[in-house]
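Look for chain A in each of the two complexes below; its partner is chain B in the first and chain C in the second.
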Partner chain A sequence: MSFILEARNLKKSFDGVVALSDASFTLNQGEICGLVGANGSGKTTFARIISGLIKPDAGQLYLYGSQINLKSHLEAEKLAISMVHQNLSLVPEMTVWENINLGREIITPLGILKKEEALIRAEAAIQELKVNISLYDKVSQLAPSDQQLLEIVKALSRNPKILILDEPTASLGFKQVEILFEKLIQLKKDQVSVIFISHRIWEITRICDRLVAFRNGKTVGEVDFQQQPREERIIIPLITGKKENEDEKGIHEKRPYRNFDTRQVILEVDSLSKRDKLHNISFKIREGEVIGLGGLNGQGQEEILFILSGYLRKTSGKIKINNQEIIIKNPSQAIERGIFLVPGDRQKEGLFLNHNVFTNLVYPQVAQKKQKFILPLKELRQTVNTTIQKISLVPPDPRKLVSHLSGGNQQKVVIGKWLSLSPRILLLNDPTKGVDIETRKNLYKIIADLSNQGVSVLLYASDNEELIANCDRVLIVFEGQIVEEICGDRICEENLIASSLRVQ
Partner chain B sequence: MNNNQSQNVILDKVSPKEFLFSKLAISFYAIIFLFVLGEIILPGFISFSHVMSVLRLSVFLGIVALGQTLVVLSGNEGIDLSVGSILSIGVVLSAYFLNGQNINIPKALLLTPAVGLAFGLISGLVISYIEIPPIIMTLAMASVVEGTSLIITKGFPTGNAPPLLETIGSGKFFNIPYLILLWILLIVVASFVLKKTKWGHLLYGVGSNNLTAELSGVRVKRFRVFVYGICGAIAALAGLFLLSYTGTPYLNLGATYTMPSIAALAIGGISLAGGNGDYLGAVIGCIILTTLNSILVALRTTEAVRQITYGLLLLILVIAYTGRRKR
Partner chain C sequence: MKNRLNWKNIYQNPSFPSFLILIAIIILNASLQHNFFTYRTFKSNLLTFTPLILTSIAQGLVILVGCVDLSLGATVSLITVLMASLMGDSLLSIFIVVLLGSGLAILMSFVNGFLISYFGPPPLLTTYATSVLWFGIALFFMPTPGGYIPKSFSKMYRSDLFPNFPVVLLFLIGAFFILFFISRTRFYKHIYAVGGNEDAAYANGVNVFLTKIKVFLLSGVFIALASICVVAQTATGDARCGLSFSLNSVAASIIGGLSFSGGKGSIIGPIMGGLILGLLINVLYFANITSFYQEFMKGIIIIFSLAIGAIPKYLKTRSL
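And now, the complex of A and B:
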């Protein structure tokens, strides 16, 4: 039988940096095919070629059996190929309905927009995914997860025959993921073909019929779930390129139970509130303890982290460190007390993209009050080199521009910049969003090391597996309140989901 | 950009090829080109004394451009349209403080920048805390400062530069004007502060992403107030040096400096979006603009032709600069 889409030996490089060296891919009608690979393995480049955004340097593309040469995104759209972008392609200052209709407005012969019809179309599109947003909201006012859903809605409203989803679930909560999966299965029944790119292996094993793995710009393998079992251990070696061995196994394994009752309480939060966002949040973190913040997306977890890090102000409540009440007015004061935040949006909050690794890594150190006016550059360079090794940055080059690093390595820099300052309390805001499995393991190891050194960690993760792998206790946040605390062996997927949804 | 994988690389080192095509180098070629062009049109243009006099004329713009550089580097649409007016009031005030007496020099050196600092701090406070766009705030401030100098002088500035200051303004050391030596010193100090000190480092960070800077522990708002303050102080100080050159004060001497101080930055490859570029670029931009101006003056062109050529050159350089970035 013939494939609906076939790519043979695609090559593409940017400024001499090879993104794809030999990528081949096939897609059958009415199947969901996973595309996996580490950060920088060329998945996104491949998706962009298929959707006509960039042209390959070499290789052939066959669509519906005949060779094609996509010249533009518009052409791809005419051929019923739609893509959901990882970095959102929505116009922030336009409303939801305007975005859905963008580029294919219905107009009168005089060029005047037929708003009524556009609204009807937008409403129908939104209903498809049961998104709870208003057509008149500006995209910039939507929560990240709603923006992602809107992005998907927009792609679906074009009635594609081939749908490419580039990490669609990275900023979605699991409830939303469920809805998306239902929709995908329905699309499959309607003979739509889907390319599903994700770092979350369990999503791939759940929804995909087949998967293709990329490594360093090459197609390295294919798994057909009709013949092979849906198991992580088959997939992970394909992504990492390493033979499966002991320490490859289960990066998401539950950490052994540790008892902290005898340890000193480092941070105590007492009935912390923020108007409309948080209500009477109270918890304690002991020395070396790793506490998770769980629950659905956007229930106030980020606000808790932002208040503790001094970026947002609380309306009431107390924060105590070592049993002393403290007032944190700005991030600078939080940092002085050893409370560091690893922000969630690395490009907006964590990095100076147009500067090099060195500048990024030393910045918090330079910003400290005790830093001398004339910088001890030699010492700083040495610290940076140590940090680079600690976080296993690839390439280990302090002069590399951060914008030229892959997403995972950028994330390493965001965490790395705090390591030389010896944190006491580390706040992590969804640190592995869109990060590949190798980097993830690396970050988990950093967290474990810090915890062993007595650093207390407060981790918010949108991904339950991550909480299971790292946390000693998990606090479930729901509508700005802590509704449950799950400890030790009770931390498992079922319990986390049940508590998040408040079903008992 | 190059894939250097070595573990302990020395920072700041640039490969020769990269250097030849760097923004700075391109601007430098432009200067050489202009001087050669000047020589063809007007023999004697590249004689030592003429080059020196062109460079001396660049000094005032150069000092103003330093303040502008800091503001632009600090990002968030940072721009200061009040530098010209503050320079004007700097001329008038320093003449008033000096009153032709050498003994008044320390007083003028202290008070003139202090007034500029005050104006700058006010702009900075409003920009940072009330979040008025810099372009609007500094435009308003320019107007206020102009009015203030009219009130102070009642339309007729008084006082003049004392002999010692006049020597600095027009004297030479081994045929090199003192002002140029002073500028070189300023360039060295400014470059050092930008590249090697805590403050310079923080400035680049604030300019390239103020949210990251804030979350890294910088008091961003306060920092930006300070940057505008410094810019004001520098502009006022430039007024004092301009007085040393003219001897007697005139109203609105600074009006012609505001736009060139921004153009010089664009020519010198300082990103107007903030966070990237260095003072040396601005210096070269200032020299280019002054050289071009003196060629056009020598050609006895009309003001109209001069302005059109100015605009065209700016465009060509900016295209050369951004075109390079795309490669």
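And now, the complex of A and C:
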């Protein structure tokens, strides 16, 4: 038996909630094995067991051929297991170099930190992935995608033999994904074994040698790409548990062309600028139109959304709604005008992690001025339950603490918060980050429904397929400017990539 | 690589506002008190400020790791009671009792740290509970201020080691030395990691439990130093003498730019915060403000300093 890692019948529950009921998994040396499954199917829980962060309730774990009881995370680290965490394991107020060295600082016999060596190590580590950040930046100042890259860099710098990547690509743009994949292939050559968790099926089919699927905490299947074709239709039924049928296929089906020329202009942005970030951004959104913001990561797309939703102030430019100039100074003014933002960083902007699902879902309603002084709790419960169904939350329990939900389910709560309100303009900042394929489909349907009801949508997505599936028009943003507009049938993967990279 | 220090970083440093306030208050004090820059004033200021500075450091460390110690003042009181009850005239007895008191201070701080990191109750409540406990014990042994502290001990504390170098300065130099050493260790990084994001620290293999315990032990060392100063200064044991330190040290830490949630700011901050609070009382005295207004003004100025402390955060959101 040559498995470098084998897990048999792992079980784990958290205060009565079963996260893993029967998970088995094998990993060969020098292979990249995908781990897929819907939100809440236990992938992260499994990864945390392998890296010694939590202990399983039952089951066996074999590493390098012998059975082992991981007592702590340190022990896993000694066995050269290292993990990229879904919720990132960075300390926001510390610098990049401090974070890379955290927990394994080199010291003199007196306990003094050897800073020079720490810096050298950190520099070498970020060079590995060609990340363009300063060693002295605080993590809290980095863009989400840079934080994600740093998290990967940190795991790599520990020279793992087994590397677990828990949704490493969720907040990365396609170019960064390419760099990561190059690195993974190189690691594979060096006989490193990789567990790769992702909800983007194309990433799995592209990079993995094999995949294992979890459903409701159980291992439900395995696909070996040496024997089976690298195709979505084999993988998706494993994840959803539904028999494959026709409409199941086209998750990323292109939206049919719609003409909006006769519709009323709802939002007009006129030469909007923000110092160093945005330059003369102008565009119009008509009633019911879905507009995408494309381009490489961090070119200013998020800033546009933040300005429109009142989180950031513009330096100059005009924003008009229904042909009337408006001033948005803070989020509550934006909300009053029917502009809602579904934020991208769920941990920071979108959620009260220590509150339960109910509170999180009703909060936007409660915060509105027109709400009665005494809250109609019964009604609210009703709406919350419908919302939970719409977003297919797992488990569908409004009393569950949000911090105890799986990553994708947390993101569903972020989206669900705004569904029960009636937005006029919906701003979506990478809404399906880490959301599984079925919910993603539901969300696309929700967007389509809203658009049919006349709601205008501005969507930023790091995943091009998402833009293709939803948008009537895509604006390509490059270095804070809109450099191109792609309409209707021209919205396709090749065009989007070419325009983002500015190759013509 | 970008260079380390640019202006943006300096004014965004959480300790920067307190530095400005400190300069301002020194200027104010000097203009009100004509002999401010004389050795005599320097020394008497030092004698008054040192306990507050030392307790602020003790509190600052605990705040950095994401906790708070409300029992710090009661600890100081209890140690003064202990020392004033046991100390005799001989040098040996002084030495032993000082050692005993210090040991007890460290032990009491350890108890806090252990309760908090082992059982996990909120530090605020835990240390409030222990503070009531310590205070009760101190009252039991010494219901009214008293006890005996040999004159030689107080005198030694107030004397000069050599011309223009007061003994009390040794305490501060010692404190600086410890902090300087600590700030270069791995342990110091772990304090920020645990205070900044406990889960992340844990996931990186930092021993969260041990880090907190060590911080409380270290804090105990500074509480011990502060207690020695207080006892030598007042020459009595008093179950109430330390109580004001608990919250003043928290105020000093926050004025110094630490974040109450931990992991943010520099340990220099509480030192400056302590100095600011100390000088503040001087200024109010020399400005001939009656004692009723003194408390009032003190409150106003603390609020003002806290507001200024929020400036870096404000600038940051503006330049987001």
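Rule of thumb we're sticking to: the second predicted complex is superposed on the first by the 451 of 504 C-alpha atoms of A that agree within 3 Å, B and C clash if a C-alpha of one lies under 4 Å from a C-alpha of the other, contacts with A are read in each partner's own complex, and residues count from 1 in each chain.
One rule holds for everything that comes next: a residue touches a chain if its C-beta (ideal position, glycine included) is under 8 Å from a C-beta of that chain, and two chains touch if they have at least 3 such contacts.
This structure is a prediction, so every number in the text was calculated from the model and none was measured.
Participant: Answer with first, second, both or neither: which of chain B and chain C does A:P396 touch in the superposed model?
Facilitator: After superposing on A, A:P396 lies in contact with chain B but is clear of chain C.
Participant: Could you say whether A:R381 touches chain B, chain C, both of them, or neither, answering first, second, both or neither?
Facilitator: first
Participant: Quick check on the superposed pair: does A:I327 touch chain B, chain C, both, or neither? Answer first, second, both or neither.
Facilitator: neither
Participant: May I ask you to decide whether A:Y363 touches chain B, chain C, both, or neither, giving the answer as first, second, both or neither?
Facilitator: First partner only, chain B.
Participant: Name the chain, either chain B or chain C, that contacts more residues of chain A.
Facilitator: Between chain B and chain C, the winner on chain A residue contacts is B.
Participant: Using the superposition on chain A described above, determine whether A:L351 touches chain B (first), chain C (second), both, or neither.
Facilitator: first
Participant: Mind sorting out which residues of chain A both chain B and chain C touch, each in its own complex?
Facilitator: The overlap between the chain B and chain C interfaces on chain A comprises residues 311.
Participant: In the complex of these two chains, what residues of chain A are touching chain B?
Facilitator: Per the stated touch rule, the residues are 15, 17, 309, 311, 330-332, 335-336, 341, 343, 348-355, 358-359, 362-364, 366-368, 371-375, 377, 381, 385, 395-401, 404, 417.
Participant: Looking at the complex, which residues from chain C come into contact with chain A?
Facilitator: It is residues 1-2, 4, 181, 184-190, 192-193, 196-197, 199-206, 263-264, 318, 320 of chain C that touch chain A.
Participant: List the residues on chain A that touch chain C in their complex, please.
Facilitator: Within the complex, chain A contacts chain C at residues 53, 73-74, 77, 83, 85, 88-94, 98, 101-105, 107, 111-113, 115, 123, 134-137, 154, 306, 311-313.
Participant: Going by the contact rule at the top, pick out the chain B residues touching chain A in the complex.
Facilitator: Residues in contact with chain A: 1, 3-9, 11, 196-199, 201-202, 204-205, 208-209, 211-219, 271, 275-276, 327.
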